[in-house]
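A single structure is presented below for examination.
As written, the chains take the letters A, B, C, D, E, F, G and H, and residue 1 is the first residue of each chain.
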Amino acid sequence: MANARVAIIMGSKNDWDTMRPAEEALEGLGVACDVRVISAHRTPDRLTKFLAAAEADGIEVVICGAGAAAHLAGVTAAHTLLPVLGVPIDSSALQGLDALLATVQMPGGIPVATFAIGKAGAKNAGLFAGAIIARGDAEVRAKLEKFREDQSAAVPERPF
Amino acid sequence: MANARVAIIMGSKNDWDTMRPAEEALEGLGVACDVRVISAHRTPDRLTKFLAAAEADGIEVVICGAGAAAHLAGVTAAHTLLPVLGVPIDSSALQGLDALLATVQMPGGIPVATFAIGKAGAKNAGLFAGAIIARGDAEVRAKLEKFREDQSAAVPERPF
Amino acid sequence: MANARVAIIMGSKNDWDTMRPAEEALEGLGVACDVRVISAHRTPDRLTKFLAAAEADGIEVVICGAGAAAHLAGVTAAHTLLPVLGVPIDSSALQGLDALLATVQMPGGIPVATFAIGKAGAKNAGLFAGAIIARGDAEVRAKLEKFREDQSAAVPERPF
Amino acid sequence: MANARVAIIMGSKNDWDTMRPAEEALEGLGVACDVRVISAHRTPDRLTKFLAAAEADGIEVVICGAGAAAHLAGVTAAHTLLPVLGVPIDSSALQGLDALLATVQMPGGIPVATFAIGKAGAKNAGLFAGAIIARGDAEVRAKLEKFREDQSAAVPERPF
Amino acid sequence: MANARVAIIMGSKNDWDTMRPAEEALEGLGVACDVRVISAHRTPDRLTKFLAAAEADGIEVVICGAGAAAHLAGVTAAHTLLPVLGVPIDSSALQGLDALLATVQMPGGIPVATFAIGKAGAKNAGLFAGAIIARGDAEVRAKLEKFREDQSAAVPERPF
Amino acid sequence: MANARVAIIMGSKNDWDTMRPAEEALEGLGVACDVRVISAHRTPDRLTKFLAAAEADGIEVVICGAGAAAHLAGVTAAHTLLPVLGVPIDSSALQGLDALLATVQMPGGIPVATFAIGKAGAKNAGLFAGAIIARGDAEVRAKLEKFREDQSAAVPERPF
Amino acid sequence: MANARVAIIMGSKNDWDTMRPAEEALEGLGVACDVRVISAHRTPDRLTKFLAAAEADGIEVVICGAGAAAHLAGVTAAHTLLPVLGVPIDSSALQGLDALLATVQMPGGIPVATFAIGKAGAKNAGLFAGAIIARGDAEVRAKLEKFREDQSAAVPERPF
Amino acid sequence: MANARVAIIMGSKNDWDTMRPAEEALEGLGVACDVRVISAHRTPDRLTKFLAAAEADGIEVVICGAGAAAHLAGVTAAHTLLPVLGVPIDSSALQGLDALLATVQMPGGIPVATFAIGKAGAKNAGLFAGAIIARGDAEVRAKLEKFREDQSAAVPERPF
């Protein structure tokens, strides 16, 4: 995972299916990712250790996916100055509403940028991380522009 | 705060009005408390430092009050084996629903015992901490029994 | 069920699948359970009879699982000084939100410690009961510590 | 309270302001009420004692008002064959949604007839109790019919 | 349907699966029902015609089952003095929450007694109609008492 | 109210404050309104009588405002072929969510065009009625266009 | 698509299954439709271009179907004076509640007439568009009346 | 507003009170802002014109605040490659839940980074914009670090 500029961390191995679109979006923009399982609850020390080194290791953005009482993004944001993106995952009886509120309703002072529940949110978190990186990287910006053009062109005129 | 057996921590000084009933309930049971402001987001290191020493310092139960995307109880539970009680606080536009879900919907493995939103929950967290301590302390148990009897006796027959 | 220190009661036989993780968690900690079906609505007398004897029978904690307008934990708490843990069960069209609110929103004076909806909540109620017992039982405490360490170690580094 | 045919019970003295419209509606129909404060949580024995005698004492319908994790109507229904009407009261941060779900979502077998949150629900519970009694009492039926006619006539043609 | 004392009406033929427990409960109590499909929206005239004659035809209670923006019970209650019971049906994307609120939140003056969403609510509406009728019919009362005893006896001691 | 082309009806005199923006919007477009209080629950016959004559009386659109278990728009739609617009009113503990769902979730076959809860919805219902009428009335269309232009021009560049 | 009087646009090809009932309803009324996929987010220019020409092209009503943070109807309404009907689509973890609120809660000034989530809403949007057109088209009005009569006649007397 | 690196736009002048903390946060970091009122619904052309020039004008991040069916952030994101941050504003009966869902639940392909409802969200959006800019600006990074340290230091030890 040399050269990774974005870290994608998730609370459980089971979250990978939901979070994969984040990595795919970044791959499409030519941005390398470091993908990890780190639980804010079960492996808190692994999280602080990872974050303590992340910026120096070249990570520019951290994407966090978690479900239920999702604390991963908030705890991550408490330990880094890097932009933290949160993806709520639908993994409880409440269909992700708990994860959404636990991620987005951060008190003032420690921001978490939150995206939609599930795969759409993961994809958009990846694209958004790309947009941040594109601020200072013309190649990524060009790929992002191309992605948007292709995306527009792929919308059919008729549904049938 | 010598002899404190219960810690009451809250994410913000503003939460004290809501959390005070927890301390009052424990005071009524003759249980000393250590009351602190510790934010999971703004002072994460203060939290882990406090928890690392809590059990050795004689703390038997930790009560956490927090609002919005309330992470305090969950992060506390990740760092201690002590029973952790969570009180959701109504401090956002969503009237505590966010704090409730962010506290109660903990994933399996790291339990947080959750109580009602606001002062009723704070009072009950205090009483519940007393009930835990009463398991091994006949005096506290006697006071708890007395509290319950007095509480029953205080219900009037008629509302007018 | 001799030597049972924790009672696990549920409102219906159908709730057993959800509640089993509570018993498994306690079994893992070496704590014996007394598992029963008692409906607050259909067998209220069975409930009061059971609770009248529970403490003398050696029960230290009561775990209650119920769905819909879940009253089991609240009624239990009204009849005992023992710590009562409530697990909301998803058994109606509202996916457990009704059971969650009916369990957690107890008015001040009669506490119910509430956990997440469904199996995660049942597992955590079991672990939390273990944490209460661990206060006075070094063996249970050691097993709880071991459980947490094993749990941390079981989190993989990568999701793929 | 001789001749009372309807019992109106509420969990707290504070609920009287909300429940008074139930008594007023019944008074308007010439039906005497027995109004009491009985908490399902703080005075469970008072509740069972009251219900054990209610039918013999001439009570034909029981109206229960309670807020938060409202258990009063459900516990009442578990102890009587009389029709039980539940009025959810808005007394928590969740504005009565908790009381509504805790009252209406009764599992099959023990029915509670539920009305709207707050005063509108209390008034309607009173009118509904009157409608039950009107089945066998021509005088009450006539008064109910008159009430409805007056109510229709009182709707103005224009709002200004 | 001679001798029918309870009318069970529903907004659509598709609601029958949900409403059948109402009829079964009443059948178990020896109370005959008149079961009909009448839509408040698609057949409003059929509804007013039915209700105009219902009381004279011997109907003592009307049970209404409807989903989505469920208006059937409220419109029924506006056209009769008989007790009207409403059963919200889960037939939209919102899983019955819409039907519940559209049924239970009746403004003051026109009461609808509301039960749980779905089959549990239908069963309870049937039992509740039986409880109303039992006020003046010793045979039905005896059957209701027997039903409750059998129901209690059917709860097993253990879930396994 | 001669020449009225839009009827604005509301369930209670208290709803007028909320509904007035509908009339003001139509007045601004030069469209006359017939404003009435008609309760679907308390004056059902007044409603059917009004609707039976409405189209012949020159009414082209009916706007209905109601709160709680709002049935007014749905019942209106069941009795007319005219376009029916529904405005949910915030008049219960649930802040209009009940009225919104009871208005918008109409089953297929009887449409109600629903607008936002409260005054914004009333204003928009008035504008929308104007847009319907503008289809065949160049003067109204011109006024609607002018309204939109003025509205755009009234947005300031800066908030301070 | 010559002679189309109603445009049905949707944010994604996947929405067609939900939106088809709108077209079927209009087809039943003899009203031709222009059905298109236009995303407010991915093809904003296609949307403004389409709307700039719509009225001149003979379009009298625009029906918009979209899910999640559904912006299609609102953006459409911002660019046309034609009546805009919105159909929320259930395409996220939140089952259409997000799409409903994002469509119906339009601020005052730019109205969107909103219908139920999903197919029922699509059907009703089609019927409502027909009702608008029927204001000035006797043939469509006759077909609408016939549809309503047939619909009433199709309701069976009994559900079995 | 020369040198502005962040644009803060809001749907209405009334939103300024809520959005001011975004500007204050950025001011504290030494980042100049361009603050504007632009309504996605009432001034759509002003929005597209502004966004067409924004990047060339030196804007690096766009913060959008809007209430109710909040479309401003989503429409903005559809017209720019810049990172778009959305702040839901509590300006309707639903207390910002509508604005939250209308902002955060963006479909895959067009990302909006969403923050908490109201002032906390505005403050965090400002801080987050600062964190993006800090990626390539050591001075801003230093100020952000200082802000976080001061914020931690400002948390008192005790609430009394």
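Going forward, a residue touches a chain if its C-beta (ideal position, glycine included) is under 8 Å from a C-beta of that chain, and two chains touch if they have at least 3 such contacts.
Predicted model, so just to flag it, every value in this text is computed and none were measured.
Between the contact lists of chain B and chain H, the overlap consists of A.
Between the contact lists of chain B and chain D, the overlap consists of C.
Equivalent interface to B-H within the set B-D, B-C or E-F: B-D (over half of contact pairs identical by residue number).
Between E-F and D-F, more C-beta contact pairs are found at E-F. Annotation: 33 Å between the Cα-based centres of chain C and chain D.
Centroids built from CA atoms put chain E at 50 Å from chain A.
Computed centre separation for the pair chain D/chain G is 44 angstrom, with centres defined by C-alpha atoms.
Listed for chain D are residues 12, 42, 68-69, 92, 94-95, 97, 104-107, 109-110, 112, 116-117, 120, 151, each touching two or more other chains. By the definition given earlier, chain contacts exist for A-B, A-C, A-G, A-H, B-C, B-D, B-H, C-D, C-E, D-E, D-F, E-F, E-G, F-G, F-H, G-H. Residue ranges on chain H touching chain A, taken from their complex, read 21, 60, 81-83, 85, 100, 104-117, 119-120, 123-125, 127-128, 131-132, 134-136, 141, 144-145, 148, 151.
On the chain A side of its complex with chain B, the touching residues are 11-12, 40-42, 44, 67-71, 74-75, 77-79, 91-92, 94, 97-98, 101-107, 109-110, 112. Across the complex, chain F is touched by residues 10, 12-13, 15-16, 19, 35-39, 42-43, 46, 68-69, 92-95 of chain H. Remark: chain G residues 90, 95-97, 116-118, 120, 151-152, 155-160 touch chain E in the complex.
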